[in-house]
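Written below as structure tokens is the structure these notes are about.
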Amino acid sequence: MHHLFTLTELSSAEITELLDEAERFAKGDHWQATEPLFVANLFFEPSTRTKCSFEMAERKLGLHVIPFDADMSSMQKGETLYDTVRTLEAIGVNAVVVRHSQDAYFETLRHVIRIPIINAGDGCGHHPTQSLLDLLTIRQEFGTLEGLTVAIIGDIRHSRVARSNAEVLARFGARVLFSSPEEWKDAANPYGTYVDIDTAVAEADVVMLLRIQHERHEEKMGLTKEQYHARYGLTLERGEKMKKNSIILHPAPVNRGVEIASELVESKRSRIFKQMENGVYVRMAVLKRAIEGGIANGSYFKKWKIV
Amino acid sequence: MHHLFTLTELSSAEITELLDEAERFAKGDHWQATEPLFVANLFFEPSTRTKCSFEMAERKLGLHVIPFDADMSSMQKGETLYDTVRTLEAIGVNAVVVRHSQDAYFETLRHVIRIPIINAGDGCGHHPTQSLLDLLTIRQEFGTLEGLTVAIIGDIRHSRVARSNAEVLARFGARVLFSSPEEWKDAANPYGTYVDIDTAVAEADVVMLLRIQHERHEEKMGLTKEQYHARYGLTLERGEKMKKNSIILHPAPVNRGVEIASELVESKRSRIFKQMENGVYVRMAVLKRAIEGGIANGSYFKKWKIV
Amino acid sequence: MHHLFTLTELSSAEITELLDEAERFAKGDHWQATEPLFVANLFFEPSTRTKCSFEMAERKLGLHVIPFDADMSSMQKGETLYDTVRTLEAIGVNAVVVRHSQDAYFETLRHVIRIPIINAGDGCGHHPTQSLLDLLTIRQEFGTLEGLTVAIIGDIRHSRVARSNAEVLARFGARVLFSSPEEWKDAANPYGTYVDIDTAVAEADVVMLLRIQHERHEEKMGLTKEQYHARYGLTLERGEKMKKNSIILHPAPVNRGVEIASELVESKRSRIFKQMENGVYVRMAVLKRAIEGGIANGSYFKKWKIV
């Protein structure tokens, strides 16, 4: 069974194979399942990029998508996530993609659900397909992750992107710098070294900005957007101090003029929209892996025989 | 025209044919329409099982599904259900599936809409495809309905499942027992005999539990969940007093620990998830019948010629 | 690039070609794209007819539809419409259909988005596909627009239907009459002559009623529905004074008994449901034009190369 909960659970070889597969899709490879397969996308938090690129990836693989609207589901009547996923399994859904506000929501599903589950973001936990698309974008640019300096800048503590990326970047030989307001440092994430933003920007091959998640916390440390931008954001001035071939990443949605100057979002250095395109390819790779692993174990058949 | 509003309107032969058809689908039969057909699912109340299994059934039959979101439809501007369905008919939708909170909502549509309408639940009225999947699950287990004792337990009065099932079970020769708190007995449903829950559980071949519909009434008769469970629920103790080959059904979503002990939901006797799987097959049968009946009368053409 | 923002921007020849194309679809012509194409419908205001008929048109053309739910999109996190459309472009969506409450929302997209955008209604601005379906319905009835008298009746000032239709009707040689309560006259729309409703109804070949948009303004000029109907609505009495071959149009949803007597909605003169059917054909024509124009310029490829 090929769930995908966190990248930490994958070996480096497995991650590399996913990136290679995604690269093949980026270059135009086709792959479709040999029988009709059904997938459902369970998004309990807002999303444009992740949701739409999973939808795109699913259609490119020839999968049937069963619509699921959390606000109109039986979870409104108190049904649990576990019973919801078991239900979808029972009616013949072959894989589910889940985004949920609860950290590690998947622990209640891991050993009991018999169809692959793909984590599309769990609270402040992990966001493995985002990490994969970041890795792919960096690898396309530099050919390798080894020896690169990647600066992750912003709200480190609440970011599932920071958490997912730092471990795997370090594992693949990149040097990780963190830059963050004091309040948003994350003592539980040991994979980076904190530096001030000017140092981070000046030394990085990859400047990876994080979104201020207004929906997760009220605090903005008493700063206006302009003040935050000046102190902790990638301003136009800081942008000019970036290294010659360095690039800008951001998981988006972007708060233009807050964590990054609006003009830099679509600048020559930015790979922000390329990240989105790559998101489709890594999700195709992850879905293909899930389907191939899931069908092999024959779990779909006689699934109602509870003994 | 083959609408499906209530099972009461169908002859026993028609019901048997639907169950036989569903059984064929369960065994792997394929059927697809010979021309492109479009269906819309109009759900005005939350649903996971019914909505998703209709979506699954439609795709298995090769139908195109036109998404409809009640909260973003023109019913927000005051458009009636009748005008909404007439609109869908006008733009070429070939059949609609409707769940609505109003009892017998379909009476305003019955003689005027020229495409088949399938009732996916009307208020506290009927839920014919739920009944069909219950019947199918019982028949798969016992080969027949005749001579069986079926205990329907819980909120009889507000349950469209109880209403839909009792009449048809009695018609097919089953003995129906009801067990319910005094407040939730239903004087208008003459098809069962009220007994206490211990008798019901001990005598039944099929223990059919109903969900407490928290969304339809506030009253819980001053009981905590634990008290309700002890007095009126299928506890582990009661579960052990069930007859040797008897089974447990529940339309779900299940309030675990209220109408049924959580451990029993996925126990050896439970057919709760098998019911969900069967839901896909009966909905395929109902849709096939609707399409075959609907196309035969040629109602789709010149539908705008109102004279 | 073949966007469609307003009919005013199209030449008369282009409009005629769209109507001719729609008529061919009405008569059963088929056309499908030769490669897999993806479209997203971004509706930020409620809609049944326009949304569902775009969905229908897209499927008839063999397009893949990527679902987009504004309430569950990243616009909930503050993302702009521009960044949302850019995102969809980046992940490979080939065209977008947009309805938005802001007048001329498309001006922020016009010169920067590299996939075709089809306006499905902008605030009190324009609604070009509604105009096209009105024109098609009139042309089917009378063979031409030239020389006809078209009365547009109701809330002229807030109506994107009135704005879109009046200019193009005048351009094609129709005489446009407006009839409206004083408060809802539109000094900015020079294409019609104001007359009282009885004159409008008596002289018109086409009586085009507008919906009172309760959601856009509270004012109903202190009138009850019955009073409004008597003074400004198409009552049964006024309906009898219509010219021999004249027809009734309404963009719907209809407030039955307010702008039109309920009995007239499905009367012999009404083409209201035929308009809806025609809506599918004109949207097929508009989508076909967008796809053909969009693919020709090769904008989909290397779209992330921002230099």
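All chains are identified by letter, namely A, B and C, in their written order; residue positions are counted from 1 within each chain.
The working rule: contacts are C-beta pairs under 8 Å (C-beta built on N, C-alpha and C of every residue); 3 or more make two chains touch, one makes a residue touch a chain.
Please read these numbers as outputs of a predicted model, since none were measured by experiment.
Under the stated contact rule, the graph of chain-to-chain touches is complete, every pair of chains being in contact. Taken over every residue number at the interface, the positions common to chain A and chain B amount to under half, indicating a different-residue contact. Fitting chain A to chain C on Cα positions gives a rotation angle of 120°, stated in steps of 5. The distance from the centre of chain A to the centre of chain B, with each centre set as the mean of the Cα atoms, comes to 39 Å. The multi-chain contact residues of chain C, meaning those touching 2 or more other chains, are 67, 69, 71. In the complex of the two chains, the chain B residues touching chain C come out as 36, 38, 40, 64, 66-69, 71-80, 83-84, 86-93, 303-304, 306-307.
Residues of chain B touching chain A in their complex: 43, 46-49, 51-53, 55-56, 59-60, 65, 67, 69-71, 211, 213-215, 252-256, 266-268, 270-271, 273-274, 276-277, 279-280.
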